[in-house]
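Letters A, B and C name the chains as they come in the text, with residue numbers starting at 1 for each one.
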Amino acid sequence: MSTAFMMREADDRDPMVPRLFKVRRKWREARDIFTIELSPDEGTHPFSAGQFNMLYLFGTGEVPISISGDPARPEVLLHTIRTLGAVTRALQRLKTDDLVGVRGPFGNPWPVDEAEGGDVVLVAGGLGLAPLRPVLYTLLARRRSYGRIALLYGARKPEDLLFKRELERWRGRFDLDVEITVDIATGDWLGNVGVVTKLIPGVPFDPLSSVAMVCGPEVMMRFTVKELLRHGLAEERIFLSMERNMKCGLGLCGHCQFGPLFVCRDGPVFQYSRIKELFRVREI
Amino acid sequence: MKAEERLVIRPAHIQQLIDSLIRRGYRVKGPVVRNEAVVYDDLSSLEDLPIGWTDEQGGGRYRLRRRDDEALFGYSLGPRTWKVFLHPPERRLWKAERNGRGFRIIEEEERPPLFAFIGVRPCELHAISILDRVLAGGEFVDPSYRARREGLFVVVANCGEAGGTCFCSSMDTGPAAASGFDIALTEVVTAEDHYLLAEAGTGKGAEVLGETGGVRPGEAEITAARKTVEEAAARMGRSMTGSDLKDLLYRSYEHPRWDDVARRCLTCGNCTMVCPTCFCTTVEDRTEITGGTAERWQRADSCFSAEFSYIHGGSIRSSPKARYRHWIMHKLAAWVDQFGRSGCVGCGRCITWCPVGIDITEEVGAIRKNGVRGSDREGEG
Amino acid sequence: MRTLEDILLRHPFLKGLDQKYLKLIVGCASNVRFRAGEFIFREGEEANHFYIIRHGKVALEAFSPERGAITIQTIGEGEILGWSWLFPPYHWPFDARAVELTRAIALDGKCLRNKCEQDHDLGYELMKRFAYIMDQRLQATRLQLLDVYGVHDERG
């Protein structure tokens, strides 16, 4: 039977087989969040800001985790992980030199190149800062290619804030607006209290030249988009990172469908104008 | 198709066909009767075929019944689809073995058999070409599927009977196959005669067909075969048409009919198991009790389970309504965007094997009847 | 040196307000300044003013004996603080504390209430502006209530 019409050429590697990486370091970011640094014994693992890997732990399982490190340093892989289930709890217990299986990187990146020449607004909610950090590294490394850069970051409580030392460093820069807010705080917190959308009116950006990249829980992204639109940003200039149940990372297992899109293959970063209809539908 | 590539063969010649394929190293699969149903399994002799059997099908109903003739392919479709061989419901992806503090991965050295399928219905042939696009046509390829698919030899059995739940003619996938096969058979059974008009679709097919001892067909035999298929098309009781189906469904996420079908749907997932194009899988980790080896398996999965869409915090599609809607939306609308054509071939299995007889053609028909939220209150007391 | 009128005119809260109303309001306004940590008002006190924040940051707090002061929201430059002067019994429901040096314009609530009663057009203008802010704050509070960053399930 003729099969020439569609079938793709064989490729050497089975995309379901992980590559083994060693744990180099691991540190705590917040109460239930840690960062793990992995590297292969040889070679590098190039990735783009916004991509994710599937991390496999011997006998326990596999989880999709976005990459939180610097794309300019492909010799190390950073993943910032919340301990939620069996696999993430086991990842947290790993020690230096233990092995982790890695498949990836998968997915479409943030539009870092496309944003050149204009202002960039990053809006992160909770753990959503992790997949945006690679963007910030890239923007700062190519600082002169961009206009104003703002990072607006919302978390639940002051103690839940990620990357605290880096946040302090970034806040000290004159070429970067960093605004942080928490939903609830007690007396010793001198920062903002309120939702992250409240920070948007406070940063100056040119809606006609800006690109916004938003990552956080879906509800937070919906409210953020509404506020960005109210400030004159076009739908095409807003990018979101979506989350669905990703099992294969290849668009073959069907799990991560979001309407007609496979989040693993067509996303996780989407232009808002492309998904706005789906964004409104419940349980899609 | 050139005339000389068509032959008339007698039922007994099917044995030569099977033998000739086995001689060439094929693992021959075809229809057999098991547990009161026609299913696809190993085939070694003509007698294995469901000779003289047919089936009665309706929403939630399937029965085998004797025919008053000795037709080889006189049934329509059973619950098993060819995907069980090409995209097995369970498959080990790899093994891992502990060594000290680390582990190593042992890849599968899978050498799948060279398959020959006899009795592939035209709708099923379309289903295979759909799986080709899904599993082997994109950026990433399922290597196991490709290995199983590459050498496949296909003998189509065009339909002389319309099954009780079939609607292939409205989907343009049957009841006769135009291309994509090695050999296509059209069985003709009359009071006086019983033969199969065989057509080779490839050189390989012509070679195998040449070994069966068939003879050149006469004009009358060709006409009778054509009429058999035409009659099957005319007897089809259901249809699902419309090039606008995709857009219609995309407009209908909030249609009241989803609530209606959700009251009937048991979310058992039968429809996804019998569907010839449903391809979703999950992965499972199995560990040996001592913890020395671990295995990773791929298993067929169904979008009707709540687990399917689980992310931390809960299931995206927690209601039965959302799950049924997802299945139809994917099959009939999203599929077109993802893979360039509908995921439905009109085989009707999802209707037959639904325990409560939900009929995809009827659901689509109801959605087509311009529904407005709150207006669909018929049958509620 | 900018006049009170200039400052009020430029503040987002009063942007576009008719000149004659602005003059009425200036009559009820005064410049104020709070040091970091200083309370602007306390829960239960009579609400006689509202504040148009020019610079700085103010925390709205509720005190809980076992948790201490809990910040519900912070209010900064370009925003306004307090609407309890508008509704009986005219008492503050929370504490307001300057988190950093805060400059504001205080508006005398009683004075304004009287002017609004005398001129309902002015009253309507101010009500519209307050209602908008209340709507914004209510939406933000609802979003906070959703606790979107919290973990709501232990599986996975």
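Everything below uses one rule, namely that a contact is a pair of C-beta atoms (placed from the backbone, for glycine too) under 8 Å apart; a residue touches a chain by one contact, two chains touch by 3 or more.
Everything numeric here is computed off the predicted structure, so don't read it as measured data.
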Chain occupying the middle, per Cα centroid: A
Furthest chain, CA centroid comparison against chain C: B
Euclidean distance of C-alpha centroids - chain B vs chain C, Å: 67
Distance from chain B to chain A - Cα centre to Cα centre, in angstrom: 39
Whole-Å gap between the CA centroids of chain A and chain C: 36
Residue list for chain A, restricted to those that touch at least two other chains: 82, 84-85
Residue list for chain C, restricted to those that touch at least two other chains: 151, 155-156
Where chain B touches two or more other chains at once, by residue number: 310-312
Residues on chain B engaged by chain A in the complex (per definition of touch): 93-94, 96, 98, 101-105, 107, 129, 132-143, 146, 149-150, 152-154, 179-182, 201-202, 250, 253-254, 279-283, 285, 287, 291, 294, 296, 298, 301, 303, 308-312, 316-319, 321-322, 326, 329-330, 333-334, 337-338
Of chain A, residues touching chain C in the complex: 32, 82, 84-85, 88, 125-127, 154-156, 160, 181, 183-187, 189-195, 197-198, 201-202, 216-217, 219-220, 223
Residue ranges of chain C in contact with chain A within the complex: 57, 59, 61, 67-74, 76-78, 99-100, 139-140, 143-144, 146-151, 154-156
Parts of chain A lying in touch with chain B, wherever the complex brings them together: 1-3, 5-8, 10-11, 14-18, 20, 56, 58-62, 82, 84-85, 97-99, 101, 243-245, 247-248, 250-255, 257, 259-260, 262, 265, 277, 281-284
